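The next block holds one structure in the form of structure tokens; read it before the comments.
Here the chain labels run A, B, C, D and E in written order, and each chain numbers its own residues starting at 1.
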Amino acid sequence: MITPTHYLLLSMALFTIGLAGVMTRRNIIIVFMSIELMLNAVNINLVAYSAQVQNLVGQVFAIFVIAVAAAEAAVGLGILLAFYRNKETVNIDEINLMKW
Amino acid sequence: MSSPTPQYGPMFDTDELVINMGPQHPSTHGVLRVVLRLDGEKVVDADVVIGYLHRGVEKLSESRSWAQIVLLTDRLDYVSAATSNVGYCETVEKLMAIEVPRRAKYLRVILSELQRIASHLLWLGTHAMDTGAMTVFLYAFRERELILDLFEEYCGARLTYNSMRIGGLPQDLPPSWDRKVLEFCRIMEGKLEEYETLLTGNRIWLERTKGVGVIDGAEALALGLSGPPLRGSGVRRDVRKDEPYAAYDEMEFDVPLGVAGDTFDRYVVRMQEFRQSIRIIRQAMQGIPEGPILGKVPRLIKPPAGEVYHAIESPKGELGFFIVSDGKSMSPYRFRVRPPSFCNLQALPRLVKGHLIADVVALIGSLDVVLGEVDR
Amino acid sequence: MADVNVAPPAGPPDPPPPADLPVPAAIAGLQLAMPGAILALSFFVGDWTVVVDRTAILDVARHLRTASGAAFDICSDVTATDWPPRPERFDVIYCLFSTTHGQRLRVKARVADGDPIDSVTSVWPAANWLEREVFDMFGIRFSGHPDLRRILMPDEWQGHPQRKDYPLEGPGELLLENPLDWLKLRQARDEADIE
Amino acid sequence: MAEAIAFYVLAACILGFAVLVVTAKNPVHSVVFLVLDFLCVAALYVTLGAEFVAAIQVLVYAGGIVVLYLFVVMLVNVKRPPEAFRAGGRHAMLGLALAGAVLVEAAAIAVWSRLSPAAPASAAQSLPVSGNTEQVGWLLYTSYLVPFEVASMLLLVAMVGAIVLARKES
Amino acid sequence: MVELVLIPLLKIIVVLNATLLGVTYMVLLERKVIAWAQSRLGPMRVGPYGVLQPVADAMKLMLKEDITPARADKWVFTLAPILSMVPALVVYAVIPFGDQVHLFGRQISLYITDINVGLLYVVSVTSVGVYGIILAGYSSNSKWPLLASLRASAQLISYEIAITLTLVSVVLMSGTLSMVGIVTSQASQGVWYAFIQPTAFIIFFIGGLAETNRAPFDLPEAEQELTGGFHTEYSGMRFALFFLAEYANIIVVSSVATTLFLGGWLRPFPNVEFLSFLGVVPGWCWFLLKSFVFLYLFIWVRATLPRYRYDQLMRLGWKVLIPLAIANLILTAIVKVALA
């Protein structure tokens, strides 16, 4: 029998992997992707509990999360492109100035 | 000497991409290579690299006898060998002051105009194919086949005819050939309607050709364009009218002109030239005189020392021959071809600038270059 | 070929025009405008040729392009001929056509090997590739040409194929002076290829 | 039984692909794994009966957002060799330690919640429509209309912002 | 067990095989129809009238050397055709080829499954197909395919918007996302949606041409411009996968258009009594016939029209089709509310 705890553990593991990616990778695009993984971990939780408690609000929230993720990806990648044009790097360690 | 290879930037710099169109590319009509600098899909700069088909015809002709050179001219513009033959033979005749019989002149007009239709059909087919209309390609080749059959019946060859001789023609018309030619003219007129139905009014075709590669008359003249590309820009220049050769002074025909100087106008000019060619063929067929087909030509062709330049209107433009004879040897001292495709191609970098890749293809098509002639 | 036995000609005949033939207005205008530049005048089978001084070619070109009596707006061809025995071994030939007057004219300039000649691309942009071809084939340098590099031959090519001393078969190991040796060598090479 | 098999297989895939996303040397490979990961997550949603979210996950996430990532990776990737996974660095150790700590903490919470299960949440909301899509739609356009409109505004702003940022200054 | 596993499995096998066979014969059909349009004969050598040509083609593609270009990203290079092929096949899961039939004493429905987000499923699955194209262009390590794949992805994403908007107006009419539900609602409303949503129908068809990279929108594969498109560097079986995926997508678009706009398996005028003799022909035949009309249209258009240019294609998509689709959607909604 699969309980919500299973889903919780899965989501947790996914979240941790994403977090590890954010912390260890220096390529900002991969960092962004790791953040997407973490958002997905949250979504799994929301949907799993929504199914458990028979309340669809969790799914509605998951949709909002996806919308926010889309916005985040668009703006984040836009910033990245603008940055790359000026500095020719995607290394997060070199992105250390508030302006250039 | 500056290096021809442009500086290759990083593959995906945020601004420019250098890309080689050709020499192996389906739309470069042979082995043309265009080095394009792209900003996205837009052409920032273009460099045309030619010479892949250079066979040294000019050099080779300096060690061939005068009569042998006719078949070298076949291989210049190999889709319109007959006009090249006419150009060369007339140049030598001018040099030697040989009088060509009127019947031969008329026959030359007929063959030249048939050849013009064949060449324009090839242009139409490949040009349409380059813009994605592949049915027109096959239709055009279907009609070209009829012309090739006519030529085959006349001289036995379908592509490299060797169909002229210094002083006239190798043979008279085969029996009932004239009827077949007139029949072809009748068929061709109907087929022209068919092509125009598929292209001229087609919205996509208009969008692809109108306003693409615009060049005004003055600039076209300065860049050395000739033939339909020049007339498409509205310049009234046709060697057949300006410096009549063969029997063109006895023919009545119009010189179709464009207005805007864009790809569409060049297309329209050539489409009109089909009709004018048919008109000329009909007139020539009607007025063809009886008589010999070969003038008084010495056994040994050995022109006097001197230089001569003679131009004719090939389907591609002004095809000129500049020949120097030293009067002593059996072959020309210097044999120079003024290839219309070469000079027209020169305008390509100017035309493509600021357009998209797809237009590059359309523009190569609209200039109608044959690499055999460009590279010689 | 017969060429080998006959002494190479020292230059084109350039027959002068018959005295009773009126000189076309374009040439007369040129004679009037810059009398020093014209070295000779020639008429042959209906073609007029002006031989001009190498150094004056750009001025002549500009005059011919702009003067109202000339207005040669089409530069049909730029080519050259090679006359090795002559000190100024090359003729650079410009074939011009005027759409307003409907007449042709050839302009010729004599150039010695190694001497540059002014490019006429500023007058007729059409001369760009044509001059490149002349450079490629004869090695005549055009000063002021925007982009003078080989056009038909590969960029790393040695020699200039249209020169008379360039062998027809290409840059073999031996020149044409020893055709027999050259033939033997070629045969050996072919046999090596077959093996 | 079938549910358990599906869960374990999908969970394994999700975690496996996630690890690959994070560890792949080439960012393009990362993107590919990310797509596969999201597809598995979508499949997981289907097993949970959330078909609409699953479809949105595939359509928006896999079909939209990740394409954007792929574009950007291709735009900026080629010039420099892909950066390697630097596990040995001080940074990385710190990061892994932090991730481990979060994992332990979350696991503790999970175990605790397992031991003392929360009271069953409010009973199923009664909605006037049936079917997952209809119900989600109903909620979105009634109770959550304002957040929905705010989200759409956010997307619009993000779109304009992205265009302004990515446009070449000429 | 039979109901749960065996029958769906059998259905999947039948549908997949029929699809792949259909795809190969679609290629032959295309070659034949275009040949006739161009006063040629088309393939005539393999079998009578060339009917075995697809078999020969398949043999050839399978036996050909499968080249991976030097310095290509091998892993992605192999994955790309698969990513292109799989979505094209997976879509068939929800396409209703017909209603129920009696077979071996069982009531069997002529679709693999009917999920209540069927249309959304189609849209989302096909949106994944773009990866195959982008990754193929990227991994070939060649400039022309890269250019083509960028073109292709921009094109697919742009036209997806217009298509999806037309689908929404159909959903407004039917009130359901289920493919079977859409067909039955056309039956109950007694009209094909092509007649009450003509704008959506036309936009869908044009968008479908663009989505499947067909003429006049075949820019990603314009060999005259891009030497072959994103699959330039592919050969052998991997090329065949791209090829199959393209034609499978054409069949998908035709099937979806049939389902959405031409009443799926319904006979013409489903509620006109005196035409009930048309019911003799089974529903799946009607479905195939209608899809065939679409396939023929696809080929016909290709034989007739020149190709759009990239900027014109984008302009058509963004400035004509999308506004039109939005206007149609709003109009549909207003009319629907007004009538309700």
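Here are some notes:
In this text, contacts are C-beta pairs under 8 Å (C-beta built on N, C-alpha and C of every residue); 3 or more make two chains touch, one makes a residue touch a chain.
Everything numeric in this text was worked out from a predicted model, so none of it was measured.
Fewest steps needed to get from subunit B to subunit E, stepping only to touching chains, is 1. Of the two chain pairs shown, A-D and B-C, the one joined by more C-beta contacts is A-D.
In whole angstrom, the spacing between the mean C-alpha positions of subunit A and subunit B is 63. Mean C-alpha positions place subunit A and subunit C at a centre distance of 72 Å.
Centres computed as Cα averages put subunit B at a distance of 24 Å from subunit C. The multi-chain contact residues of subunit A, meaning those touching 2 or more other chains, are 81, 84-85. Chain contacts: subunit B has residues 11, 14 touching two or more partner chains. None of the residues of subunit E touches two or more other chains. Interface residues of subunit A facing subunit D in the complex, by the touch rule stated above, are 1-3, 5-10, 12-27, 29-30, 32-34, 36-37, 40, 43-44, 47-48, 50-51, 53-57, 59-60, 62-64, 66-75, 77-82, 84-85, 88-91. Those residues of subunit E lying in contact with subunit D across their complex are 73, 75-76, 79, 115-117, 120-121, 123-125, 127-128, 130-131, 134-135, 138-139, 146, 153, 157, 160, 177. Across the interface of their complex, subunit E is touched by residues 26, 28-29, 32, 35, 39, 51-52, 54-56, 58-59, 62-64, 67, 70-71, 74, 131-133 of subunit D.
Interface residues of subunit E, counted against subunit B in their complex, comprise 34, 37-40, 143-144, 147, 151, 215-216, 218-219, 222-227, 303-312. Remark: subunit B residues 11, 17, 19, 24-27, 41, 128-135, 138-139, 142, 198-199, 202, 204-205, 207-208, 356-361 touch subunit E in the complex.
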